[in-house]
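Each of the two complexes below includes chain A, the first together with chain B, the second together with chain C.
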Partner chain A sequence: MTPLVTASRTLKPLRLLLYVAPLVLLLLLVPYLMAPYQAYLLSYGLIMAIAALGFNLLMGYTGLLSFGHSAYFGVGAYTAALMVKYLHVTSMELFLVGGLLATLVVTALFGFICVRHTRIFFSILTLALSQVLWSLAYKFFWVTGGTDGLRVPTPSLLAGLVRATSLSYSGKIISYYYYVLACFLLSVALMWVIVHSPFGKALQAIRDNETRASFIGIRVQRYRWYAFMVSGLFTGLAGILWVPLNGLTTPDILWWPFSGKIVFFSILGGFRSFVGPLLGAVAFNYLETYAISATVYWQLVLGGVLVLLVLLMPTGLVGLLSRLAFVWKRAT
Partner chain B sequence: MDILIIQLFNSLLYASILFLIAGGLSLIYGVMRIVNLAHGSLYAVGAYVAAWLVGKVAGGMPAVLLLVLLPVGALVVGVVGAVIEPTLLRPLYRRPEEYQLLVTFGLLLILEDVMRFIWGGMPLSAGVLMESLGSIRLFGSLYPTYNLIIIAVGGMAALLLWAFIYRTKFGVLLRATSQDMRMASALGVNVRRMYVQAFALGCTMAGLGGAIVVPGQTAVLGMGQDVLILAFVVVVIGGLGSLQGALIGALIVGCVRTVGIMLFPEIELALLYLIAAVVLLVRPTGLFGTQ
Partner chain C sequence: MSLLRTEKLHKSFGDTHAVDHVDFLVEQGEVLSLIGSNGAGKTTLVNLISGLLPPDSGKIFLQERDITFLSVYDRIKAGLARSFQLVNLFDQLTTLDNIALAIFARQEKTRQLTTLAENDDAVTHEALDVLDAFGLQNRWDMLAAGLAQGERKLLDVAVAYALRPRLLFLDEPTSGVSTRDKARIMDTITAVVRAGHITAVIIEHDMDVVFTYSDRIVVMHEGAILADGTPDAIRANDEVATTLLGKPATG
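After this line comes the complex of A and B, so read on.
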């Protein structure tokens, strides 16, 4: 076994900046360097990365595998869509406020129930609850549009400063890309602070040894509940950002295979590291897009990749990269 | 009164199919501690094979012969299971259970497209069989004969499985492996072979469920993903790994669904998931589970 990349390895702030700054710069330059379509595609990738970031707080840091994260993504997306339908809201910031509040309520409730169990029971419980929401979205078609879904037009950004109607098509895409990027960077920074805070350390203690954690005075169930809520909120944020980009929300995003996809992101990138799920989500998005355009049997490609990953490369892309770096370092 | 009896039969019909699927899922979990997310897709494979045989290959044959063809679908799925276990699952027994969930999720994606590749995107029907058997008069109302056959198959499967597991030597070994794999292995049980057989048996049950369901509806892509969640609900209510649990769970879900569709169709599905959640909360091991 190769050693797993551990999340707790801390870098000095200056070294960290050295790694992060070029990446951020690159992300900022994407609309100038590439066609608008690439910015559009990357927006999807970054949104999925936010969802995976939230998911991994539970999976990688707390040791709970949720198979129901589609629920929180869907609550965010559907809240925004329902705000358009019933309240005629067209401001992204109001979507964010409303969507996050709704997600908070749902995660608080679901989390309160789910954290009573761990391991496989936790997974099944999260799955069952997420499917309650799916069946409601699916059956109450006069509210949610059923399988037709709900349309969401491009909203105005930054409290009306950037109006969708005054922009060209590519201008719309690029301004939204920067909006998503800003949310993404903020989310990553916030999550970085969370997992390195005493709270984050407590979660890792719970993951590694529940009994010991409770002996040193950590309220295990309470902390798991908090982690569940934070995790759901990030995924909900992803859902809110996703819906104007996609223009439409359908019950598919509440259906359980979508939760499977979120799990897939983390495994692809490597859930034992902080950046793994982010990398995995973006990589998955490209993989899916190109697999769909290349073949009708894209699910076969994705399934094959997943099976091979689990069998041969359980540490994901990050594990592979760090192993390559290790080999390279030893060679020089 | 008539409507009540018909609805009772409908619940039994539904429960029979669910028992076959959930029973297989539960058996696999009980012996190998694997939650097989591809189980629904295996059920769909059974449905496709049966629909293809009955609808396309042997279209004009008499109904009795067609009925005999249905179990072929189940056998094919059993063989698929016997191939999957040693190749995909065996390397993962020592790893955390998350990986097992994921590998079966990958398998689900693969199987879904394999079916699309072999049978195409159009639904496949075996309705010939259902039509050729007609319907019979039952307490004053007409009821499809084929549905009675499904109920009989479900009941027989439950009985046979019980006899198999509690009255044969294989059953004893299976239960021993399920209770303590290491001890069984130390006492000379060939655990590897046991796992292949148990997995293949569970898959055969799912395949049989698919095969007998298909004359009444069509085989479509995605049917496995729908049914898997219902099978989960059954297994969660009854208890993961318990066959009695799967039977009782299937009966409960069958009844709730029939009543739900009659009285409150909008929240019928949501109600089932909620029941599952409540059972998990109050008794995480289900009504009949032991742990």
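After this line comes the complex of A and C, so read on.
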């Protein structure tokens, strides 16, 4: 290997650590620096970031726009809720196991159908299938609670080491924040490895040039299916983490506007980068929360932001930040 | 035993017989040029052999194994590879990654999703060697989209070469590049192919390139094979001269 290649590859992880370490430190200090409400709000943001991370494996890395990711988020959330209702499970780790298994089954089935198509046909199929789940959750009210939804009390964490009953209200919020943060960091690390693995490179090859990918021996449809399942699992994980935080799950999270929200995260942050959807999800969460508290026309605000984004910042927040960094570097 | 042969291979598009019951033969180790005017059926023939198009009838044999109905994937594994008339690269990947990915695919490593691609030193070494052979070593960290046209053409062939094929189809490897670059590209390609003992079939319009670099030339016209022979034999063929080269018949 040439010294140039070796040097570049040695410096890369160091440079990455330089950016990531202060951010992780900041996230760890949030409960000490801010009111518990901010940790609570950020927990939502980090959960949505995990969902966006999954979505972007399909959108940014495989070139498939899914309008049905609400389905996998919903499957994760509803599985946890049904485990509480029918099995009286109170362990977060069991929620994770059950929720991820259920998500895997649903994504395997939906993916098998959807990946036979691309472009608008893929998007419409994912949307249609997610609406099947929404209508089931809506109509089978004796199982799912219909529009009343299903309640999920705060579960025990770390195999019963942290019990909700022994904690104060803010203690519950903070302990769950750290749980979500750990899941978030693990998810980001795992996804980073996936997109830089030979598998991730194969997905990017499919995105860039499907014909050529098949002519180097990549089974395009099969790899899209694998990507679909991995993507759905991350979004399912987000759903599982979301439901105890929210305390309730209703069919709203299976409805197509929720899928639109996940698409919004990526556009807001910039789907051409790894960090973009993460940033977009957290930013959207704050934007939505403060828009709702500021005006009854909050949907108008969000719609306006989306229009402005598409027109003025097609590369999203990450694109804007890198442009600002470039200008700053040139000025200094 | 021939490396590849087709038996009455046929493909029509509506009333047009793009490939008309063609018996085509490729011998082991040769550099064969497939020539003909636009619409003669050259690219369709390669598309049929490589699996991009299904034939209407006829058979394709690779080392006497019937590959007519094999998937593209199975044909690649059997030893076929190709480059394309319009450059087909992974534009948002680096030059090195374009090659490394072909090596990962050849080694069936593209299912690995918990190891970093760049940590596979053996693959990186091999990819750098391929780039070196094609004179692209200084472009290893550039996105494929950022390369010059001649470099893109070379990378297109290098990606196919990295699959270590037995038979390599090159569809117009010098189209869209300057005359000076043409010689450089063809010198590089033929040197690499001959050093690797790879059989190559080149579709080409530039007659200087064809007559300089080929061991054998097959001429196609209106979906059928018009002539087949050494460069000297093809040059002396009156029928080829009138239909393809536009020269009056000497007889």
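The rule we apply is simple: the second predicted complex is superposed on the first by the 321 of 332 C-alpha atoms of A that agree within 3 Å, B and C clash if a C-alpha of one lies under 4 Å from a C-alpha of the other, contacts with A are read in each partner's own complex, and residues count from 1 in each chain.
Quick note on the criterion: a contact is a pair of C-beta atoms (placed from the backbone, for glycine too) under 8 Å apart; a residue touches a chain by one contact, two chains touch by 3 or more.
These numbers come from a predicted model, not from an experiment.
By the touch criterion defined above, A:Ala291 lies against neither chain B nor chain C after alignment on the C-alpha atoms of chain A. After overlaying the two complexes on the shared chain, residue contacts for A:Gln204 are found with chain C alone; chain B is out of touch. Applying the stated contact rule after C-alpha superposition, one finds that A:Gly217 touches chain C and leaves chain B untouched.
Once the two structures are overlaid, the count of chain A residues touched is higher for B than for its counterpart among chain B and chain C. Of the two partner chains placed by the overlay, neither chain B nor chain C lies in contact with A:Met313. By the touch criterion stated above, A:Val97 is placed in contact with neither chain B nor chain C. Once the two complexes are laid over each other on the shared chain, residue contacts for A:His196 go to chain C alone; chain B is not touched.
Of the two partner chains placed around the shared chain by superposition, neither chain B nor chain C is touched by A:Leu185. Once the two complexes are overlaid on the shared chain, A:Gly304 sits against chain B while remaining clear of chain C.
On chain A, the patch touched by chain B and the patch touched by chain C do not overlap at any residue.
Residue ranges on chain B touching chain A, taken from their complex, read 35, 37, 88, 91-92, 95, 97-99, 101-103, 105-114, 116-117, 225, 229, 232-233, 236, 240, 265-270, 273-274, 276-277, 280-281, 284. Touching chain C in their complex are the following residues of chain A: 1-2, 5, 8-9, 190, 193-194, 196-202, 204-205, 207-209, 211-219, 223, 226, 230. The touching residues of chain C, counted against chain A in their complex, run 50, 52, 72-73, 76-77, 81-82, 84, 88-93, 96-97, 100-102, 104-106, 109-118, 120-121, 124-125, 128, 137, 140-141, 159-160, 163. On the chain A side of its complex with chain B, the touching residues are 59, 65, 67, 113, 116-117, 119-121, 123-125, 127-129, 131-132, 135-136, 138-140, 255-257, 260, 263-264, 267, 296-300, 302-307, 310-311, 314.
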